[in-house]
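Look at the two complexes coming up: chain A is in both, with chain B in one and chain C in the other.
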Partner chain A sequence: MKVQPILRLKNISKAFGSFQAVKDINLEIFEGEFFTIVGPSGSGKSTLIRLLVGMDDLTSGEIYLRGNRIDRTPANLRPTCMVFQSLALFPHMSVGQNIEFPLKLKKMAPNDRKQKSLELLDLLRLPKSFYEKRISQCSGGEKQRVALARALAFDPEILFFDEPLSALDYRLRKTLEKELKNLHLRTGKTFVYITHSLEEAMVMSDRIAIMRGGEFEQISVSDDIYERPVSRFVAEFMGEVNLFEVSGTKKLGLKSENPNFHINCDPSKAKLGLADGIGGVLVVRPECLRFLTNSESADFVLTGKLKAEYALGSRTQYEIETASQNIITVEKLREDRFMGKEGSKVTLGFDAESAHIIEEL
Partner chain B sequence: MEKLDRKLGFFSSIPLGLILAISFLAPLFVVALFSTMPQKVFSLGQLPDFSSYKLFFNQGYYKSLLWSLSMALISTAILFFICWPLAFGMAKVFKKFTLVLTIAVVMSLFVSENIRLFGWSLTLMKGGLLEGHLRAWTGIALPSLLYNTGIIIFGLVYVYLPFMLFPLAQGIAMVPEDARQAAADLGANRWQILLYVDLPLSSPGIMVGSLLCFVLGAGAMSESKLLGGQSVIVIADDIETAFTFGQNWPLGASLSMILIIIIGALAIYGINKIDLDTVMGRKR
Partner chain C sequence: MNSSKSTQIILFIYGLLVIVFLYLPLISVGFASISKARYLTFPIKRYSTKWYMKAMESETVYAIITTSLKVAVIVTVISMIVAFFGALAFARYNWRYRGFFQKLILLPIFFPQTVLGLALLMWFNSIGIIPTWKTAIVAHLVWIAPIATLIVAIRAYSFDPSLEEAARDMGASTTTVLKEITLPLLMPGIISAGLFAFLLSWGNFPLSLFTTGADSTLPEWLYAKMVSGYSPLVPTLGILSVASSFLLVLVCIALISFYRSIQNKIN
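== the complex of A and B ==
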């Protein structure tokens, strides 16, 4: 049996004048999923979410919620809800009144309303005393939770998030990311989240879509995006990555123009090979590279000069400059850190299993 | 150092503070004193007997006050309803046209209020611009449009429109757009957004505009004189008469005091309710 998606986007586009912000997007999101759309600013992700909640009209295309077409339904009649980047809490209402706002619109009795909003405060781990508090008395993280509680009070079919954590400091953001994931598990609701940070997306999401120039570049589970990016853009979007320019040879082999880069294995067996005359990049994450001693070898080996070393806390990062002026990034856990002098010659290696090839025409 | 600065600031503000106190409060104090004097005296050297305040009730001056207050109230309410859509447009919709509208409204203030009211008088009087043309062209004669309460309220609305429009536009501009969108997203329709978001969040502007219009309207006199033809006597008219024709300073003073107390109480109540900083555009 094919599972019916809760939200289906069919060829949706949005143009502002001659500028195509969203280009012919197709997407299916399933019940209970934590789906994250990641993209740099200007990629069209915020436009897309505004289309989904009904704050902007589509230029063309259709949106279906549980099979019912909703793209002509105004925002206030759609059973979806969004947590804004600015949170958009009502400053003139107390925390309780904010949370009760959607319930009041649904004509729920005052006592039931209060009951429900106290339950939501509890769900978001805010003390009951917050009910009477003014919004201006809440801290950033508390406001975040109030906004979430207000959205949950609406009891939406899908809860949308428009970068709600981007204004918070690093530590609070990390805490709230986990809390959000936890909340997703406890409520079982469908979450659609937008962010510019793939790191944030990876912590929370079931599936991630990478957006670029109004289109999806890759839609997949987070491991796939990290280990098997479909393009250079996706690979580089997720923080540090090493890309080696290679080209295909006969019998699906690989060759490199770089004299310091040695291929000691049969790439075709590791499914890394390319057809003759085809160019590509070999993707290796910094933590997959090893420093080799004279006796050691690896499937791929390269040499260079240790240029810099940065302590990142739990990890240490090294920059190695190859003869062709390329900078290779290597990361090691602090306990395995490499003791080498800056400027000294080093040999690096990685195995075929930890590499991934992207074909580029 | 900071403490010294603050002290110096305080001391250097004393001279100007004194001048302001003398020029603002002293006349008020004199009026307050005069209001307690016996009838028709011109010095403060008498024993106070508060007889003027009795006159206020006995001789029907309270009626003038009620006229003034109720016409001010009605015109303020009308102004609010007229100006809300206009102010909303200026704050949220019109963009460049807002400037045109602002200049147009401000330009009208360059001409003296009395002259503009005379203009209306010439337009609306029997044989005036409107009625004269109508009669010449169609032969239908209309009764004069002037000299009734309605036209006084029209005058008040006309004269005090800028005093409602600009504070209201300022107030509406303070309503964050995302709060309105969030309300819609949470299921609010247009009227519910107006009721739960727009009105409460622009309340400082509403308060300032209404207060200005009410206070100015309650003390207004030209509208009832020039357009109303004194079909209704307003309190400001009574006060003027008492000081001039009536030669009864204590009566004029007591009527002034009553008006000042009522309006002052209202203004203080209103200003306490709003945060002036947010009206002046400070971010929350």
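== the complex of A and C ==
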């Protein structure tokens, strides 16, 4: 039996004048999934989520919630709810009144409302005393939790998030990312989250969609997106990456025009072969490169000069400049730090298993 | 920052000048109103509250204050309603002629009021309306409603539109959003707009002069009496007018703080 998706987007598009913000998107999201849409600003992700919650109208296409078409249903009649980037907590109401707002609209009795909102405070690890607090008395992280409690009070079929963590400082963001994932597990609800940070997406999500120019570039689980990006854009979107231009040949499988980049591996071993005449890029993450001593070798070897070294805390990052002025980024755990002088000649290597190839015509 | 001795002296003189020019004339009017003599002389020889008693008893004064009050109250109420919806249109919704509307609304403020009053009088005449205190309401509104709209619009600009969207997203209908979110958040702005509307109408002279016809508002009457037939009833009514304005300001401040305390009160 085929599982029916909780949300199905069929050929949805949104145009503002002559600008196509969302281009003919198809997507299926399943019950209980934590689905994240990632993209840089201007990629259309905010427009897309506004279409999904009913804040804007589609130009064309259809949206189905559990098989029922909802794209003509106004936002206030859709059983979905969104946590806004600004959180949109009502400043003229207390924390309790904010959480009870959707319950009041559903005509729940005052006592039940209070009961429910105290339960939600508890679920979000806020003390009961918060019930009477004013919004302006809450810290950034507390506001975040109140906004979540209010959205959960609505009991939506799908809970949408529009970059709610983007305004917080790094440490708090990291804590809340984990809490959000935990909350997802505990509530079993379907979460649809948008963010510009792939790192944030990877921590929380079951599946990730990378959006660019109003379209999805890749939809997959996070490991896949990290290790096997389908395009240069996706590869570069996730922070540091090294890209090497290669082309396919009949005999060797791969060849490089770069004189400092040597391909030693057997194409059959590599599984990285390209068909003859086809170009591509080899994608290698910084942590997959290693410094080679004279006696060592690897499937792919390159040489360069150590240009800079940056301490990142648990890791150390190195920049190596090749003769053709390309900058290669390498990362090592702090305990495996490379002791080399800046400006000294180094040899780097990586193996076929840790590389991925993207075909480009 | 340390201010030098000379800066302090300059600031002190400046402050003193502000007080002298703003409040001393008012105080002298106050003195004039409690003089027993019919004509103003300084120093006042004998004090009396008789002009206040006269003002209380006078039917003319009663009629004048009633007219002024009627005009001001109606102008205030209409301005507040127009300002609320106008400000929403001004600040919230994107529509084709919004930019034009925003500029149009500012224009009457730049008109000299005498010109505006004259224009309205001519217009009333040409369409056959006899000017009374009712036409003065229209004239006052032409000038005051835009100001009130601007005051509310500033408030409307300062709050996040996603608050309304969030309420809607959680199931609130358009009227519920207006009642539960928009109106409470704009309320301090609406109260200030109402206060301004009342005070501007209550104290308005040029527009009233042209458009009240046979009726007379308080500022008009004060002016007429100054021109001919001065008695200390003039400064007395002047003081009463200032006092009532001041009282109204206090009431509004109290109203806003009461409103805030209700909002803070839990359920």
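Here are some notes:
Here, the second predicted complex is superposed on the first by the 357 of 361 C-alpha atoms of A that agree within 3 Å, B and C clash if a C-alpha of one lies under 4 Å from a C-alpha of the other, contacts with A are read in each partner's own complex, and residues count from 1 in each chain.
In this text, a contact is a pair of C-beta atoms (placed from the backbone, for glycine too) under 8 Å apart; a residue touches a chain by one contact, two chains touch by 3 or more.
In this text the structure is predicted, and so the values were computed from the model without any measurement.
Model built by superposing both complexes on chain A: chain B and chain C clash.
In the superposition on chain A, no contact is made by A:A308 with either chain B or chain C.
In the superposition on chain A, A:G96 makes contact with chain C only, not with chain B.
When the shared chain is aligned, chain C comes close enough to touch A:R134, but chain B does not.
In the superposed model, A:M82 makes contact with both chain B and chain C. In the superposed pair of complexes, A:I327 makes contact with neither chain B nor chain C. In the superposition on chain A, chain A positions 53-55, 74-77, 80-82, 84, 86, 88, 90-92, 101-102, 105-106, 150, 154 are in contact with chain B in one complex as well as with chain C in the other. Put simply, chain A touches chain B in their complex at residues 53-55, 74-77, 80-82, 84, 86, 88-92, 101-102, 105-106, 136, 150-151, 154. Residues 176, 178-179, 181-189, 192, 196-197, 200-201, 203, 284 of chain B are the ones that touch chain A when the two sit in their complex. Residues of chain C touching chain A in their complex: 159-160, 162-163, 165-173, 176, 180-181, 184-185, 263-264, 266-267. Every residue of chain A that touches chain C in the complex is listed here, in rising order: 53-55, 74-77, 80-82, 84-86, 88, 90-94, 96-97, 101-102, 105-106, 110, 132, 134, 150, 154.
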